[in-house]
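Take a look at these structures.
Below, subunit A partners subunit B and then partners subunit C, in two separate complexes.
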Partner chain A sequence: MSLAEPAALPVAASVPPRLHIVARFTTRFKASLPAYLLLLPSLVFLALFTYGAMGRVLIDALYQRATPKAPLRFVGLDNIAAVLADPAFTGAVINNLIYAIGTAIPSIGLALLFALALARTNAVTSALRAALFLPVLIPMVAASALFLFIFLPNVGLLDYYIGRLLPVLPNWLGDPDIALYAIMIITIWKNAGYYMLFFLTGLQAVPEDVMEAAHLDGAGPLMRLRYIILPELKPTFLFVVVIATLNAVTQVDHVFVMTKGGPSNATNLVLFYIYQQAVEHYDIGMASAATLLTLAALMALTALSFRTMANREGGA
Partner chain B sequence: MLFSRRLMLGLAMAGSMAGALAFPAMAEGPTEIDLFFPVPVDGKLARDMGTLIKEFNEGHPGIKATAVYTGSYDDTLIKTRASIKAGKPPSAVIMSANFLLDMQIENELTNLDSLIAADGSTKEKFLGQFFPALQGNAVIDRSVYGVPFHNSTPLLYINADKAKEAGLDPNKPPQTWAELTDWAKKLTKREGDKVTQWGIAIPCAYDYCGWMMETLTMSNGGRYYNEEFGGEVYYDTPSMLGALTWWSDLVYKHKVHTPGATPGPAVSTSFISGNAAMMMLSTGSLTYVRENAKFNYKVAFIPRNVRNAVPIGGASLIIPAGVEAEKQKAAWTLIKWMTSPEKSAWWSRATGYFAPNMAAYKTPDMVDFLNKNPDAKTAVEQLDVAKAWFATYKTVPVRKTLEDEVMLVLNGKKQPKEALVAAQKAADETLKPFNAETSLKLP
Partner chain C sequence: MKLIDALYKDAPLATRNEITPKLGFLLTVLLALAWLIPFLWMGVATLRPASDGISLMAELMPSLKPTLDNVRDAWEIGDFPRYFLNTTIICTGILLVQFVTITLAGFAFARLDFAGKTLLFYLFLMQLMLVPVLLIVPNLRIIAQFGLYDTLAGVMMPFFASAFGTFLMRQAFEAIPTELEDAALIDGASLIQRIRHIYVPLSLPSFSAFAIISVTSHWNDFLWPLMVINSPDKRPLTVGLSVFTTTAEGTQAWGTIAAGTLMVIAPLLITFLIFQKRFISSFVTSGIK
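Then we have the complex of A and B:
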């Protein structure tokens, strides 16, 4: 889902004087009718494919079958309780937390580093920027297929080079202790270049005169970074952190292609757990309940970060 | 494709809408039917399928069949289920043979008995065309629900050049686990502690791992699951304990098998590159090995510990539940045509799977082919000892409970016995609702 979607819904509802309520409503409605008409096509699709599906998930989450041939019956919050009690779900949540933190911090750090190094535009930095941005252009599925061969035990590219140094070659995707980290490397490789773009834009907004003044006052590069650049980049940081966290939950293409959540659930992430419940277990109730929990967490996170952003803009 | 997976839960809805828009009621003209088909091995199959369906349509003016590519076996199940839910099922599907039981339990299959009877044939006569090993996955509760389309068995692949180098005779491949262990030891090359060539590779990734465990368990005299009833698996048994212990020994005691879980493509690449001197893999990989191996290779039966026995793999043609009578008839015509000896043989040569129809091997083209490629014969001969592929209520999650534990054993994190006890417990839990409705529903 895109971050812009919620903006389409809110309709201002101030309290008009009682007597004119109908008249006012009609005038207002007349005035905004063209706007609604213009919005109609997107609203229809939004309702059908986003909110319709979410409503359906909400309903599905409340029903369950006791046995395969039994009819669906209303179970209330039982599905949610069952999901929360499922060790596979808690395992997926923990994996997802490790994955989110372990991919967000390094990729944002690298992105900032790249952006600072390549802030000035000339032929060399443009070429390097393009090179660093390249992984973003490769679809995740294709990238995963590539990395599948890089990680191939014994004969893959990685083992071919590292193999001379290590006594025992790790089975990158086949060892539950390593597999999640192998998956994380791909995410970092793929996302760092993308986040770099945001930081590059953020750096453009750092006022040139302030930098110059600091330079004249004798502030070294580190001082300038610490006291001018980083504070100026704060909104960018916030935005990138939100994007990175959302990505950590919604981008699991490489799990599908490379490990299917294995070995022994070591790379099972929340979205893949939902897929397993829906498809492998064929348990729509459980899958919907897990989806609701994920949606709630994502919405809370988004709301929180938007509020922080709004506060900052208002207060600072 | 993966995008739609991500939106899995919206899929059923979206599917119903797309279906409603895309298929206005047909009045006259040929009966239009859809065939969902997966491509489990490589991309060339999609083109071959196009050729096959085009030929069918030219020969049957009353029917217009369209082949719809639906991804892997698992994806095909998802898409079929989504279209059944949406009320617009495809008329025929090439479905992984071990998904049939689960679909039948969920009332998603059309019973084919009446269609067979309408042809004036009998179940016995109809099934008699196919290798007996394939019937177990096609017949449920004594009714026919699937028609075998392309099938496989696991094979032992041997790098003959490396065998000769190690003083072994590739024309007398190992027949027992003891001989295989001995071969694997002789074929493993070490520099100090470091292994530069592995004796044997056996794949273990979700799906393949369960199939290999069934293979090893069966060669050890076991059954893996109850063939007659979908509510039982036999994980915590001596036959499976022996199988898993041997596999684990190959890794940790004899050190002739790479540690950890290795997926199928990694195993075949390892074999092709000479990094593994032997491998156990599906007959479906035979064409790939034939086209890519730069050395002489041999294929052999899977060695036994107690008896020679292997499971089948592959796919059957099914008609989903809820297909209208007219389309059912058209789909049945298509299914019979696709599984006829000539077409069956043609598909087998194109893909590397063996042809389920026994008469296919009597067609002149096939006799020629086997004379030129004697290795393709081994798979067919092994069919004499082949048995059904495990199929239970919720086949995939029940299989996964075992696979997760096997992966732990292959990584040295659990001992075989405790792993199998845990797998059995988890599987019993998953099977519970089905047993509550069947074996434990008492008067």
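Then we have the complex of A and C:
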């Protein structure tokens, strides 16, 4: 260490570790490079259509045009406030809540019944399972085309066979008090067979010897259902509830085909509201604000259910 | 009741005489029959001659003079061959690209160690929750920016990456013993060669499970193509059917609607009836798609 070059000292002392970190980072990156290249194609599309789209919604929700031709201007949270103040939106949210509860509970209940009845595998149960599963496969639009006739006033299938028993024939899709429930019937018909599959899988985990032991202790079928089968199926229930909720928000094709949200907004659901704002009113700001609110609600719900699931696994 | 008893003859001896499970079974049989009624009506109405009039349209007893007039009308009014072609192009295009993206990404997650693996894994996982159909508005704007509005490629593109498929392939690849790969490594096989000749051939069941889920869901997709497609000749089956239904509903041509619906769902139903077990097991894995 010569006195002639003291200034070089601190530099010389600090460079090696910095180089070291950079070097370690590059080796780590070089080692990871093949994996990044393999992930690249997927990441490009995720970046564009999932995360890019999320960013787009966030930004679009902050801008608005005074008239369709006017330039965009920043309005902050005005769009969100406008959506929340729009009776059509709050109405759609309430409809969607009724629709979610009114479709999830019956279809999950039926799915459980079907699974319990058809748990044993033989030719008869396989045929019945297939019959119940058929609606799952067909497009919602095709189901709507069939149910349009089923619900047709006077000459439709429902009125032809059941309507005769009623004093006054209801106008299934035309009466604002009934239309939403008519729409729900289609969803239940279409989804029960799907949820049945998960319960069938879940039932395989119920140990046969425990069931027999319970029977020997005098537990009847309902007792066994209550104390052995249902506790065993808890994770399946949670899982199916999440899927049913997602479906209640995303599976709304029949509203487009059958009622267009009417009569008097009685069947307007959130996704249809978003579609109307974007496509019919060309109001991207409002559509984005509504999308943002829906995404936030769904993500909170999913996070909650994942936490419940994680807690259960930790505890078990 | 005898018949039901026969079905329960392999149940544990002690529970064989219980009545509640049998009542549940009976109820399920009745509901399964009710579940089939829309399909039954579709078949009967398709074959019913127009001369039967509107008042007999709901009759579930088949007509004694069946006719194919409705099928012919539906075929002529709707542009179904074109719709079929478009849906087939969309489903095939999506599936082929997905096969590439999910194989590569699935392999990276299954077999490679890299910086930021957990973070990237969560980035994929999030896609399962951010259901694509909710992002129709921003995605339509992105598609329009790419100049893909009103094109089939625009319908396909948002689905090219699949988190569900990636996880399915990751699971399949993890189950393959590393010894097989080591042998190929000694012979000097490159990464892509190992994926192509070892991992892919051994994971065909997972590919077919994924194909079933992917094709059924995009065959049935409605809202997204409805937003992207504007020209009538680019409509997929679902959008075509909804337009067709609206037109035929105006003239109360219910037999024609039934025939059109039958044509749209027949390919899926026939494939399902042939590969029933495959379909069911695939749908079980599809819980989080």
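Operating definition for what follows: the second predicted complex is superposed on the first by the 282 of 316 C-alpha atoms of A that agree within 3 Å, B and C clash if a C-alpha of one lies under 4 Å from a C-alpha of the other, contacts with A are read in each partner's own complex, and residues count from 1 in each chain.
Just so it is clear, a contact is a pair of C-beta atoms (placed from the backbone, for glycine too) under 8 Å apart; a residue touches a chain by one contact, two chains touch by 3 or more.
Nothing here was measured: the structure is a model prediction, and the numbers come from that model.
With subunit A as the common reference, the superposed partners subunit B and subunit C clash. In the superposition on chain A, contact of A:274 is made with both subunit B and subunit C.
Once chain A of one complex is fitted onto chain A of the other, the partner contacts of A:256 extend to both subunit B and subunit C.
Look at A:288: by the touch rule set out above, it reaches both subunit B and subunit C.
Contact with neither subunit B nor subunit C is seen for A:232 once the two complexes are overlaid on the shared chain. Contacts of A:208 after superposition on the shared chain: subunit C is touched, whereas subunit B is not. Of the two partner chains placed by the overlay, only subunit C lies in contact with A:220; subunit B stays clear of it. Touch counts on subunit A: comparing subunit C and subunit B, the chain ahead is C. Looking at the shared chain after the overlay, A:56 reaches both subunit B and subunit C. Once the two complexes are laid over each other on the shared chain, residue contacts for A:118 go to subunit C alone; subunit B is not touched. Touch criterion met: A:168 reaches subunit B, while subunit C stays clear of it.
When the two complexes are laid over each other on chain A, subunit A has residues 48-49, 52-53, 56-57, 60, 140-141, 148-149, 152, 155, 250, 252-253, 256-257, 271, 274-275, 278-279, 284, 287-288, 291 in contact with both subunit B and subunit C. Looking at the complex, you find that subunit B touches subunit A at residues 2, 5-10, 13-14, 17, 74, 77-78, 81, 102, 105-107, 192-194, 198, 204-206, 258-263, 265-266, 269-270, 273, 275-276, 393-394, 396-397, 400, 403-405, 407-408, 410-411, 413, 430, 433-434, 436-437. Residues 48-49, 52-53, 56-57, 60, 65-70, 140-141, 148-149, 152-155, 167-168, 171, 173-177, 250, 252-253, 256-257, 260-265, 271, 274-276, 278-282, 284, 287-288, 291 of subunit A are the ones that touch subunit B when the two sit in their complex.
Chain contact summary for the complex, subunit C toward subunit A: residues 7-8, 10-12, 14-15, 18, 20-21, 24-25, 27-29, 31-33, 35-39, 41-42, 45, 54-55, 57-60, 100-102, 104-105, 107-108, 112-117, 120, 123-124, 126-127, 129-142, 157-158, 160-163, 166, 191, 216, 219-223, 226-227, 237-239, 241-242, 245-246, 249, 254, 257-258, 260-261, 264-265, 268-269, 272-273, 276, 279-280, 283-284, 287-288.
Only residues 28-29, 31-32, 34-36, 38-39, 41-46, 48-54, 56-57, 60, 110, 113-114, 116-118, 120, 122, 124-126, 128-150, 152, 155-157, 159-161, 189, 193-194, 197-198, 201, 208, 211-212, 215-216, 220-222, 239, 243, 246, 249-250, 252-253, 256-257, 271, 274-275, 278-279, 284, 287-288, 291, 294-295, 298-299, 302 of subunit A touch subunit C when the two sit together in their complex.
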